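Reading through the structure tokens given below for one structure.
Order of writing sets the chain letters: A, B, C, D, E and F. Residues in each chain are counted from 1.
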Amino acid sequence: MRIGVFICECGTNIAATVMTQKVADAALALRDVYHSESIQYTCSDPGQRTVMAAVQKHNLDRVVIAACSPRMHETTFRRTVAKAGVNPFMMEMVNIREHCSWIHDDTDEATEKAIDLMAMGVAKVREEVPLFTSKVPVTSEVLVIGGGVAGIQAALDIADAGIPVTLVEREPTLGGNMARLDKTFPTLDCSSCILTPRMVEVKHNQDIRLIVNAEVEAVRGYIGNFEADIRKKATCVDEEKCTGCYICVEKCPSKAPDEFNAGVGESKAISIPLPQAVPLVASLRKEHCRRYIKGKCGVCEKVCPADAIDYEQEDRIFTDKFGAIVVATGYELFDWKTAYPNLGGGHYPDVITAMQYERMLSASGPTEGHIRRPSDGAEPRNIVFISCVGSRDESIGRPFCCNVGCMYLAKQAILTKEHIPDSQSYIFYMDMRAVGKDYEQFYRRAQRDAGAIYLRGRVGKIYPLDGKLMVMGADTLSGQQLEVAADLVVLATGFTASDGAAELAQRLNIPYDQFDFLSESHPKLRPVETTTGGIFLAGTCQGPKDIPDTVAQASAAAAKVIGLVSRDEMETSPMVAEVNHMRCIGCWKCIEVCPYKAIEKQKLRDGRQVAIIIESLCQGCGICNVACPPSVVSLRGYTDNQLISEVVEVLR
Amino acid sequence: MADLVTTIKQTLKDVELVLGWVRDPATGVAAPARFHTEEEAEAAVFDSTCVHNLAVHLPRLKGRRLGIVAKGCDARSVVELIIEHEAEREDLKVIGVGCGSILDVKKIWRRFGYGVEIDDRGDSLELGGERGPREDFLARKCHGCLEADPDIYDLFVGESAGGPAGEISGGREEPHPLSAMLEDLAPAERRAFWREQFSRCIRCYACREVCPMCFCRDICIMQTQVPHWAGGEVNARESEMIQHIRVSHLAGRCTGCGECERACPVGIPLMLLMDEQNRAIEDMFGYRAGDSLRARPPMQTFSIEKDLWGDEE
Amino acid sequence: MKFIAAKKIPDLLGLLARDARVWAPLVPEDSADTLLFLPWEPGAEVDLERFTQVSPKKLVMPGSEPLFSFSYSMAVDCERLEIGDARGVPGAGGASDADGAGEAPGAATVLFGARACDARSLTVLDALFGLEPGEAYNDPLYRARRAALTVVTLACTSCDAACFCSSWAEGPASTEGSDLILYPVEGGYLARGVSDRGEALLVLDIWEESEQPLPELAETDRVPFGTLNTKLLEIFSDMDFWERATERCVSCGYCTYACPTCYCFNIFDEMRGSRDGERCRSWDACMFYLYTLETSGHNPRPTIAHRYRNRIGHKFSYYPENQGTTLCTGCGRCIRGCPVGLDIRDVLRGAGER
Amino acid sequence: MSDAAGKSYSYYPGCSLKSSSMEFDISFQAVAAALGIGLDEIHDWNCCGASPAPHHRVESLGVLLSARNLHIAGATHDAVVAPCAGCYNRLKTAQFKLAGDEELREQTGEVLGAEVRYEAEVLNIVQMLNREISPEALAEKAQGRLEGVKLAPYYGCLLTRPADILKFDNPRDPRSMEPLLGATGAETPFFAFKTECCGSYMGLPRKEIVLTASRRIIEVAVSSGFDALVTACPLCHQNLDLRQPQINKAFGTELRLPVLYFSQAIGLGLGIPPEELGIDALAVAPDLDRWKVGAA
Amino acid sequence: MNGETDRADGGAVNATDADRADLKLVAFLCNWCSYAGADMAGTSRMLQPSQVRIIRLPCTGRMDPLLVLKAFQEGADGVLVSGCHPGDCHYNDGNYYARRRLELLKRMLAVRGIEPERFQYTWVSASEGARWADVVQAFTTDIESLGRLGATVAGGGGG
Amino acid sequence: MIELTKTLEDGRELVAEIERRTGQNLAACYQCGTCTSTCTANMAFDYPPHVMIRMLQLGMVDQVMSSHTAQLCYDCMTCSSRCPVRIDVADVIETAKNMADERGLPEPERALRLFRKLFLRNVSRHGRLHEASLLFWYNVKSGTLFNDMSLVPLILRKKKVHIHPTRIRNRREIRRIFSVVKNYPRLKK
């Protein structure tokens, strides 16, 4: 056993407080340490070369590097020692910067502590054994959950690399929330003009299998080797036969709420959500259909020229294998009514959400692009926009910002001026967040060109008086309490995680936050990964964001996925649990506690049943190691003896 | 006890062997035995000297079809062993016996000499012709008896005790005799107390070997180099560490049968530790090992909503 | 004959304790039913009626003891191992055990209240570890302790059902290994010196003269050893016998650790941190699975039956065959204390009848 | 004393109910009697200190005044009912502060010469009536008497705020009055100003505040088509009813919106004759003929 | 056994400065939250007492209660465990198991005569650098007021 | 203009006291103005509620304590119930007023003080409030003799007034309560 110890000075970051040479000298007094030295910048090229040279010169087989946090450079130095011929997992990093030199000012104390930490590293590295990464085969097909702009982008990017994709969408059409928007900020492109071609591309891409009206019901397996059950819900329409001719929709006698249009206008029990739907097929909602409510009807079946109506249709379940999963389940708008009785709590028809307003603005929407008061159909003159409804409000448990409200209200004010030139928009806001490219100019345009009056304050109350909606607010800039007599009030409701996001996360075994948004593995450095290998996030399922960010994240996730599944096999971390089969007594405590179902029973040739670790599933948490009474299950890299030796060394 | 003998014989038709007791002719008290044949079963007895917890043999006989004669307290161990996959309910025939309470034979012997004649009349006790207060010689576990009749059994023999034995003897839920003393000690005094106790330990591992729940046995980490939790020396320091290991590993699993303390040749109050831990477990999780076959051992699970310790800030 | 009144025993112990550490049968604190040989301190009440649970062998063979200390250090690009002082040499340090039994060997010690069986066991161990410096094998640590030990034996006028020392010729009357023997009589004890060291104790100014006759000693159970040693060899392969014999055994080490003649030990290194360590010797027991576990994972004595067979065979067959002494003195501790009521005599008799 | 069949409450009327809001007292007693509930007036009760006491720089003044009433009530009853929203608020606040402050309990004990009893449950009128009669039971008795009448439940401030002390209903959108009012046959659509403040006790020192605030409440109610406001607060009632002529005079308006006490509305529903409910004491009289309450 | 009597009332010992410097404190930190939190405290240059020695774990789920006992046996005066806040575990469940194991341990340490303050467990996230610095300060202060644990734990004091 | 570093430093202690007494963290306020937007008394205030909080954030605690707002706020708690960051605005203003009283700061709202004082004196005398004498004495003392006189005929007609005050029996206890308050030490500024 020949250990080398390298003490990094990190310029003065460490050396100013820790006498690095003294630490290096102390290392030489330790058993098995054949070499030690202090290096000015160990992570630099010359620094790494020094380490490699010393390894070779002194024939070292283990290395301790006392420097910054292992969270910073552990990978760097593993690579360094590997280049020098040492097993990368026989390198132990000791943190004498963040945990020592930077938090102490007494040189003697800091040096003494650094020596202790270094000695602990030596003690631990002595217990280390070479570890080797292993490989598992990778299924190349990819599952994308959610057919909004994020899912579409990810699916197309992945398919472009020649990788087969299955895209699962819960609704009858692709498009998600973006398909409901009129125009998009800050360019005022028509949303459907840019989105529908992408939707059609999905439809025609040979490598994409699109399954609408479907949900992912169960996921098993692990990175490279997932298996998913996908439930396709019965819609009473044979998608293969339906031509999207709309005859059934026209003839259907059952009215139904128009969810696509956010409740503005009405729809039918059998419907096609929008003319640009992909796939362009009708679907029937039994809960609104006269045939199912009253027991008699059948008009759609009679009128359908394609014979596509099938009342007997049942849910079907597909099971398929996937190498990676992209979750792009999007968002829903906050249901503001119970949270804001002071804004009328939904009792006033002329208080609407921005999405409803969006549908009104849209030429293909239920009002054909005309802005109308829902109460009487009149064209409003004074329109009040209210920001942050359900955002930045701790009192209702929603402290976060929706990221897009400021900008889409600016957009709606500009569009309002275009639709009704003599209108006046009032925008209540708290802080203007215009951080994207060209956003600031766009916001200024709403003020300057569209004449919107920006009032800095939250609205306290809306009440009806003499046919108007009185909006009580404050303009904190002038310090005024004020009221606006509005014809129409538009609420910028916040984002909320999509319905069922938490349940899906549980099925996928990925973490989610207190608001049910899915959690990324690291907010900065692993923003599209989840903590479960092989599962990636795209778009607003991870948190509120605008279209450019959504698309960027979707492409990033796609890039990660392509990198993963284009390999035939992949390496897994060796720092996972292992079982000493000789000694396993088969009590299965490890199986009971494993959060990843990564431990199974296996029968040995002698008939004994023992636990085995599925290395590709194991994430290396070590819960099993503690649960195993004889410590037969041990976590590589953190074995009992490694931890004990650290304890013993520091207290020696 | 013809009834017991018949029952064992009947059970033997279905199983390989039955764990029970026979009378040791030299001392007249019961000793554990295995009955393989009907002939052997003739010797089966059950009386108030059947102190041993026979469940200790179940893990050793894992995978075989067995019968076991079990008192209420022993049945708790059986339950816990089934929960922990050390015994299969289907492969086990439990012959429940109604238990009035059990004598601590070793205590009697240590005081009156090995083999002293024990004449237990149920309400009183005569030892070598001298009358002794029966209360004084009850097994410790009877004082906190949770179940005089077994909770699970396939066949039942004898009279149902109709309630916890402790109740019958009037000593229900009695804490360990030393717990009040320990309560009064300052932390440093407690440390000294335990060190004193463990200085007697000879590391014979009887505590472990008689414990039905210590089924790792031969690979127990008390003695291993990998992992090396405890040194090999026989001294108070290491003995306390190995007992730390035992207590820690029995968290939520100890049914309080008291075998460890009974077996300890040097009289270390091991059940004082176990009792305290069992109490803490019950307080924290409302769990008592051996209560139910459907239970989930508390250290093998968690509750997001209820486990709020350490969250006070 | 010399006589001492029962109530003056504490005074006697006090006198003995002036120059030596005195071990006597005492009740440990908080454990009224336990009786052990423990260091006597003024005020402690010795119990000379009951039997102790563990033999006094730890006085000559501690539960564990360091043999020597060592330390690793680096010389010029090579590792050096320094061996520290061995124990038993004046000035030795580094004792790790704290329970008192392992105090530096060579300190004067009195074992008070041993029974004839205990005293006799010391001679068995003496033969084994080598008492004389010139012998082929001798153990300096054992020798140092044994040489400093004075044994004051308490003769048995009564016994219990576990005792079987009468199986040997002298039985309770054996004086082997004793320096001084106390005979319980009316009101106190008669004393008889066996060795010079024992005789020397009789000059202490505490004894009275007494005319009382020596009491009648106990008569215990007898195990017919006869040809048992060959019998045991004959049934060596009769695993059925051994398995049935050990059905109730749970393989703990009590019988061996309580036994005054079991001497098995293990030697191992204990590190104190990564550089310094001690080589230790401690009791081991043939009833443990690990006792014969080989590095390969193979265990020649995998079951309790195998191990028990060895225990019996060693004590009553192979050792007597080779050394002429049975490794047993009939003290009965293994019977009294067995947690599952296994009686070695039943096995021996069973073997004899086989 | 209490009706033998029913339950009895300790009753804290407070000063207003014995003078300017006597119709609240009358109607509440009438409703209680009709439901067979006993009301035992707290012996020798004192003023709770209303708004000025808690505004005093010595915070304990308000607590001490209410503590005395609680203490007396606690000797004989488990529950105290205080119809006046202000009195209810003070009693609850005193109870809350006493429960959490040992020093304050000691101080109070010294003043009262005994260890203070403060545990009696404090109920407001809405709470109590909800407990004593279910909407279904009331509907059965009411037989739709107030059908066609639109009532605006007006909670004001003191009944629900501060929520962490009172723990009564949702302070942003309370709905405890509606089920019982609805059971009388009346309609109770959403009223935008149900929790808005009327201007409190500023009537004397800063009249303009009260008149402005109260005017808007009445105006919105009228504009929304309500036939009457329903309140449980004498101060609100004073500002909205008694001062309605002042409002009209100050702003040149012609508002005439009746403001009923909750107990009056329930009483009408139960068919208690209007005169026994003190309806005639209201400054703005409701058009009872249109309300068909005479039909009973 | 003699060593302990002079410390028999350990709790009230007036720690000398030398004692304070000699305090041996061990902290076990999960890699994802608390270790990163301690890194953050470092990056923010938050001065802390220097007696604490940090041992990195992948997760508090890996925290064997025996490690705490081992540390006390080896002469630690205080042991601290810190992981992700409940609900935030990188491995979903690890800290929930840890919470049970460590709370039970804390109660059992009291039975063994180790003051509850000597073993603390807490939750510090990766972003709570300041909180980590506070935890270290408070923990060190707690142990300082208790003084050295002495050589009385689990028998001897080691070599 | 204020010199902010100094103002902040000078006000730190008192602001901290307000935070301590109310249990609020004033730094949480992001000046959305909800409190101001529905305040019924704002018309009479010199500083709107959100400005009060802002001034406290800047250490301008003297202005806050001696403001009309502090005196005029009648604690309807509409602001507190709607605050999106859950600051109990009413309690903060109320506490500022109490601290002003303790320090004996001049009270800008004379009429209001008079009303409160007379109200409590009325209660302390009788044990219960006698509305008629309160109105009488208020009008006499404030010099606004005809205040609310328009209500008198209505009140009399509806028999809503007792000419003589109702007194409780145990007035000694009431006096004890008020004496506790009287003997309460007043802080010097």
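Here is the rule we use: contacts are C-beta pairs under 8 Å (C-beta built on N, C-alpha and C of every residue); 3 or more make two chains touch, one makes a residue touch a chain.
The model shown is predicted, which means the values in this text are computed figures rather than measured ones.
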### Intersection of contact partners for chain A and chain F
D
### Message
Going only through chains that touch each other, how many steps at minimum separate chain B from chain E?
### Response
1
### Message
Between chain C and chain D, how many steps is the shortest route if every step has to go to a touching chain?
### Response
2
### Query
What chain lies closest to the overall centre, CA atoms only?
E
## Note on the structure
By Cα centroid distance, the chain farthest from chain B is F
### Query
Of the other chains, whose C-alpha centre is the longest way from the centre of chain E?
D
### Task
State the pair with the higher C-beta contact count; candidates are A-E and A-B.
A-E
### Summary
Here the gap between chain C and chain E, centre to centre from mean Cα coordinates and rounded to Å, is 43
### Query
Once you find the CA centre of chain A and the CA centre of chain C, what distance in Å lies between them?
71
#### Entry: Whole-Å gap between the CA centroids of chain B and chain C
30
### Query
When the centre of a chain is set as the mean of its C-alpha atoms, what distance in Å lies between chain C and chain F?
89
### Sites on chain D at which at least two other chains make contact
172, 196
### Query
Among the residues of chain B, which are close enough to touch at least two other chains?
193, 195-196, 199, 229, 235-237, 299
### Message
Please output the residue numbers of chain C that touch at least 2 other chains, ranges allowed.
### Response
96-100, 272
### Partner chain B, residues of chain C touching it in the complex
28-31, 33-36, 50-51, 53-54, 62-64, 96-100, 102, 160-162, 247-248, 250-254, 256-258, 266, 268, 270, 280, 282-283, 285, 288-290, 332, 335-337, 339-343, 345-346
### chain B-facing residues of chain E, complex
1, 4-5, 7-11, 65-66, 69-70, 73, 86-87, 93, 96-97, 99-105, 107-108, 110-115, 121-123, 150, 152-158
### Task
Sort out for me which residues of chain B touch chain C in the complex.
24, 26-27, 29-34, 52, 56, 106-107, 109-111, 113-116, 178, 181, 193, 195-197, 199-200, 202-206, 208-210, 217-218, 223, 231-237, 259, 262-263, 265-269
### Task
Give every residue of chain D touching chain F within the complex, in rising order.
15-16, 18-22, 44-47, 49-61, 64-65, 68, 107, 111-112, 157, 160-163, 171-172, 195-209, 212-213, 242-243, 245-246, 249, 280-283
### Partner chain A, residues of chain C touching it in the complex
72-74, 77, 79, 271-275, 297
